[in-house]
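Heads up, the next two complexes both have chain A, just with different partners, chain B and then chain C.
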Partner chain A sequence: MDDRRDLWRMGWAAFCLGLPFLFVLAPIGTFILYSFWHNESGALVREFTLENYRAFFADPVFRSIYLQTVALCLGATIVNLVAGYGIALFASRRPPRLRFALILMFMLPLFTSYIIKVYAVRGILGHRGVLNELLIASGLISEPITAFIFSQSAIFLTFIVLYLPFAILPIYLSIERIPENLGTASADLGGSQMDEIRHIILPLSLPGVVVAALFNFVMTFGDFVTPTMVGGTEGFTFGRIVFSQFGVALNWPLGAALAVILLATSVLAVGVAGLAMRWSTAR
Partner chain B sequence: MNQRSDVLTLEAVGKSFGTTTVLRDISLSVASNEFLTILGPSGSGKTTILRLIAGFEAPTTGRIMLDGADISQMPINRRPFNTVFQDYALFPHLSVRRNVGYGLMVRGVPKAEIGPRVEAVLAIVGLQDYALRLPRELSGGQRQRVALARAIICEPRVILLDEPLAALDVALRAQMCKFLKDIQRRLDIAFVFITHDQQEAIAMSDRIVVMRDGRIEQIGGPEELYGFPASRFVAGFFGENNLIDGVVRAIDGARCEVETPIGPLWGVTCGPAAAVGAEVHLSIRPEALVPGATEGHRFLVRDAQFAGPTTLIEAQGVEAPEVTLRLRLPSGGTRALPSVGDVVAIGWSEADARVIAAEGSNG
Partner chain C sequence: MKRHSGLFDVALGALALVSLGIIYAPLAVVWVFSNWQPVRVRGALQLAPFSWDSYVALTRNADILGALGTTLLVGLVSMLLALILATTFAMYYWRTVGVSRQIMQALVFLPFLLPPIVVGLSLLIAFRELDATRGAFTIVVGHTVLLVPVVYRLVLTRLNSLSPSLTEASLDLGASHCQTFYHILLPQLGSALLAGALLGFAISFDETMVTLFLSGSTSTLPIRLWSMMRLGFVPEINALATLVVLAAALATAVFGVMQLPGKRGAR
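Coming up: the complex of A and B.
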C-alpha cells in the first residue's frame, strides 16, 4: 500500500520536474551550446568559440539597437504600469458588479488573436488610418502623418495597447487582496484617501506591480512580430535582429548568442524586480 | 462620576440598510472619562453603534453630537475618535513603531517629534522592546497592545473598542481586561467597549448598555444591572437567575405581591411598574437563597455541583414540581451542605426578590 503510494508520488515528481526540463531547460541548453559554435561558409562548426559574443560587443550597430530596445521596452513598461495602476485602483474602488465588468472589459483583448490586435493598431495608426482621418477631418492637419506607422513610436504605442492587460491584471489582483479594514483603519487614524493609497495600498500591492513590470518588460523585449509589422525599416529592435539571424541570415550560432543576451537581460530584470520587493516593508 | 460632563451623545439614532432596520431610537451619552460597555448578543446592533460613532457609516435617523455639535456627517478622518478593531487591522508591512506612529505621520507631525512619542506610548502598553517587529512577528496579545497604542497616540476624546478580546484565549482575556481598565483610568478618557461577554462588561465598565434586536434594553452600572434587571432578557444575560412565573395580586408602593405556584410571594418591582393581573417573573439570585430556613418552601435537592469556593445546588419544589431553584452556597461554610435527595426548606429575604415584567406584557 505504502509502496504503491511512494511510486505514485515519485512518478508525479518526475512528471512535474521532467516536463519543464524537456520543454524549457533542454531547448535553452541547446541554444546556449549553439552560441559557442560558429558558422563557416554556411556549415556549422562544432568548436568552442566566443566569436559570436565578440561580434555583438564589437559591433556598434548591435549595441545601439540593444540599448534602444531596452529604452523602448522600459518606456512602454513604465507607461503601462502607471496606466495599469490607475485603472486597477479605479476598478477596485467600484461596487463589486461594476468592478467585474470593468476588469472583464480590459481583459477582453486577451481573448482575441495577437495578429488581429496588431492589425487593428495598424488600422488606427496607418497612412489612411482612423487617427489620420480624424485629424484631417478636424482640420488640425491637411496631409496624413506618416510617422504614426513604421517607426519606433508606432512600436511603442502598439506595445502599450497589446500589453496593458498584463499590467492591469496582476496589479488589480494584488490590490483586491488587501483587507478592506486597513483602509478604514488609515482613515480612522486621520489619514486622507491619498495617505491610504500612498502608505497602505501602494506598498501592499507592490508584488503585483513587480509581476506586471516583469510581464511587460520581458514580453516586449522578446517580441519581434509587433516591430516587424508596425516598425517598418525605422523600427528595428533587438528581437527582430535575433529573428533575422535565424530566419534570414541563417547564422544560428550568432542568433543563439544574441538570444542568450536577450535571456540574460530578462533574468537581470527579474533580479532587479526581486530587489524592488524589499521596499514593500518598512521597519 | 460626581461631575459628569458628556463628550459624546447619541440622539434617537436609527440605522437601516435597505429595508432592514438594525438600530432603532438609540439615545445614550458617554461621559468624558467613562468606561462604557455596549453589551449584547450577536446581531443586536452593538457593532453598528460603534461604526456610526467612528463614522464608518452614517445614521439613517437621529444625530450624533460631540460637545454639543452635530458630527453625524463629519468624515472619519476628522473625528477625534480612534478605533481598536476586532482583528486589530494592523498594517502588515509596517513595523510596530510605524504602525503606532501612523496617526501622527498622516497629521503631519514632524518626524523628530513622532519618535519620542511612539517610545512613550509603547512604554505605556509595555512593548518598548518590540518597536522594530512586524505585526506577523507578534503574539495575539501583543498585536492587541499595538492596536491600542496606535489609538492612544492620537490623543482621541473617545477610544472605540470593537470586541478586542474575542480573539484571545481565556487566561489572556482576563489579563487584558485588567490592563484595559487600568489604561483607561490612567489616560482619563472615555472608552466605548463593544462585547457580547457579560463577564468582561461587569469587570471593566462604569456603565453598561444592554442591547437587544437593535434597541437599548437597559442602561446602568454593573451592580444595578446585576441587582435590578429591568427585563427577563437582562436578568438572563447576567448569569443564572432563578425565575418564578406568576401574576401580580397586589401592589404596595415599590413592592408587589405575586401569585406563584409555590404560593403568594412579595418582591421589589424593577423596570416599568406592573399592574394588578399582569404576568411577571420573580427573579432571585442563586446566592440570595438560604436553605434550612425556618420559614420557607419545601424543595427536594436534585443535584449538587462542587465548583471550588461555591457549590451549585439544584432543587425542585415538593408541592410545585414545575418550580426549580438553583442555589449557590459557600463550599466551606459553617453549615453542612444539603445532599442529593434531602428535602430542605428554602427561604430568602424579600428585598432579594425582584419582580420583572414578563415578555410581551408592559412593552
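Coming up: the complex of A and C.
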C-alpha cells in the first residue's frame, strides 16, 4: 500500500518536473546552442563558434539598428509612462464605480485582436489614410504627410496606440494600494492637493511606474509584427532583423544569436528595473 | 472630499479622453469601413453608402472561415490541456515542499516572462531538431506552453486561499486523495478554472508572434490575416475584425460585471 503511494508520488513529481523540462528548458537550451553553431553554404554546421556574435558586434548596420531600436522603444515607453500616469491618477480620483468603468474601458482594447489593431492603425496612418484625409479636409495641410507611415515614426505612433493600456494598469494598481488616510493626514496638516500628489502619491506609486516601464520596454523591443506592418523599408528594428533570419535570410544560427542578444537586453532591463524598484521602495 | 483643484482634474480628464480616442480609433475605423466600404476616387479616400456587403462576403470566404475553425479548435484544445496541466502543477506546488517545486514553478513561468519571439523560435528550433512537421500540433504545443503559466497562477492563488482543514477533514473521514481532490478541491477551484479557461482561450485566439514561428502551412486567424494584409486589402477583414472586437467587448463586459461585486467588497 505504502509502496504504491510512493510510486504514485514519484510519478507525479516526474510528470510535473519532466514536462516543463521537455517543453520549456530543452527548447531554450537548444536555441542557445544553435546560436553557437553556424551556417555554411546553407547547411548547418554543428561546431562551436562565436562567429554569429562577432557578426553582430562587427557589423555597423546591426549595431546601429540595435541602438536605434533601443532608443525607439525607450521613447515610446516614456510617452506611455507620462500619459499612463496621468490617466491612472485621473481614474483613481473618481468615485469607485466610474473608476472601475474607466479602467475597464482602457483595458478592453487589450482583449481585441492585436493584429487587427495594427492593420487598422496602418489604415489610419497611411499615405492616403484616414488621418491624412482628415487633415487635408480640415485645411491644415494640402499634401499628405508621408512620415506617418513606413518609417520609424510610424512604429513609434503604433507602439503608443497598442501599448498604452499596459502602462496604465500597473500604475493604477499601485496608486489604488496607497492607504486613503495618508491623503487625509496630508490634508489635515494643511497640505494642498498638489502636495499630496507630489509627496505621497508619486513616491509611493513608483514601483508601479517601474513595472509599467519594464512591461512597455520589453514588449515593444521584442515586437516584430508592428514594425513589419507599419515600418516599411525605412522602419527596420532589431526584432525584425531577428525574424527575417528565419524567413527571407534563412540563417537560423545568426537569428538565434541575435535573439540571444535581444533576450539579454530584456534581462538587462529586468535587472535595471529591479534596481529601480529597490531604490523606489527604500526611500 | 472637498479638496478640488479643478483645472488639474480637467487637464487629466482631457488627457484620458484623448487617449481613449486614440486607442479606440483603430477599432472605430474597422467598424466604419465594414459598413461603409472605403473607395478611392482619384486617390482620395471616400466612403461607399451603407451596406452589409463585406459581412456577406465574409460568410463566403472559405479561406478565412477555415482559419477561424482552426483557431477555435487550437484554442479549445490548448485551453483544455492548459487547464489540466496547470491544475496538476499547482497541486504539486501546493502539496510538496523543497527545491523541486521551486524549479518547476520557475520553468512554468518562464515562457510567460520571455519575449514571445524567443519562445517562438526556441520551439521552432526544437521541433526542427525533432524533425516534427509544423502544423496544428506544433501550434497547440506553443499555445499550451503560453497558457499554462496564466492558469497555474490563477489556480495556485485560489489553492493558497483555501484552509488546510478542508482537506484534512476529508482525509480524516476516510476519503482517498482522489476523492478529496474531486469532491472537495475541484468545486473550490471552479471560478479560478473558469477565469483561466476564458483568459486562456482569449490569449490563444489572438496569439500571433509565437504562432508565426510554428504555423507551417496551417494558419490560425491571426496568421491568415497577417499574410492577407501583406498581400493587400480585402473588405471582409473589416467585417471579421468588427465581429471579433464585438465578441471580445461582450466577453470583457461579462467578465467585468462578474468581477464588480468582489471588487467593491474588497474596498
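Keep this in mind: the second predicted complex is superposed on the first by the 254 of 283 C-alpha atoms of A that agree within 3 Å, B and C clash if a C-alpha of one lies under 4 Å from a C-alpha of the other, contacts with A are read in each partner's own complex, and residues count from 1 in each chain.
Quick note on the criterion: a residue touches a chain if its C-beta (ideal position, glycine included) is under 8 Å from a C-beta of that chain, and two chains touch if they have at least 3 such contacts.
Here the structure is a predicted model, which is why all the values come from computation and not from measurement.
Looking at the superposed arrangement, the partner reaching more residues of chain A, out of chain B and chain C, is C.
With both structures placed on the common chain, the touch criterion links A:Leu74 to neither chain B nor chain C. By the touch criterion stated above, A:Phe23 is placed in contact with chain C alone, chain B being left untouched. In the superposition on chain A, contact is made by A:Leu263 with chain C only, not with chain B.
By the document's definition of touching, of the two partners only chain B reaches A:Ala282; chain C does not. Once the two complexes are overlaid on the shared chain, A:Lys117 sits against chain C while remaining clear of chain B.
Judged by the touch definition given at the top, the superposed model places A:Gly190 against chain B, while chain C stays out of reach.
Using the contact criterion defined above for the overlaid structures, shared-chain residue A:Asn181 touches chain B, although it does not reach chain C.
In the superposition on chain A, A:Leu204 makes contact with chain B only, while chain C stays out of contact range. When the shared chain is aligned, chain C comes close enough to touch A:Ala83, but chain B does not. Counting contacts by the rule stated earlier, residues 187, 192 of chain A appear in both its interface with chain B and its interface with chain C. Put simply, chain A touches chain B in their complex at residues 179, 181-182, 184-192, 195, 199-200, 203-204, 280-283. Within the complex, the chain B residues that touch chain A are 54, 56, 75-78, 81-83, 85, 87, 89-95, 97-98, 102-103, 105-107, 132, 134, 150-151, 154. The touching residues of chain C, counted against chain A in their complex, run 3-5, 8-9, 11-13, 15-16, 19-20, 22-27, 29-30, 33, 40, 43-45, 85, 88-89, 92, 96, 100, 103-104, 107-108, 110-111, 114-118, 121-126, 129, 141, 144-145, 202, 205-206, 208-209, 212-213, 221-222, 225-226, 229-230, 237, 241, 244-245, 248-249, 251-253, 256, 260, 263-264, 267. Chain A contributes residues 12-13, 15-17, 19-21, 23-28, 30-31, 34, 83, 86-87, 89-91, 93, 96, 100, 102, 104-109, 111-117, 119-124, 128-130, 133, 160-161, 164-165, 187, 192-194, 218-219, 221-225, 229, 239, 242-243, 246, 252, 255-256, 259, 262-263, 266 to its touches with chain C in the complex.
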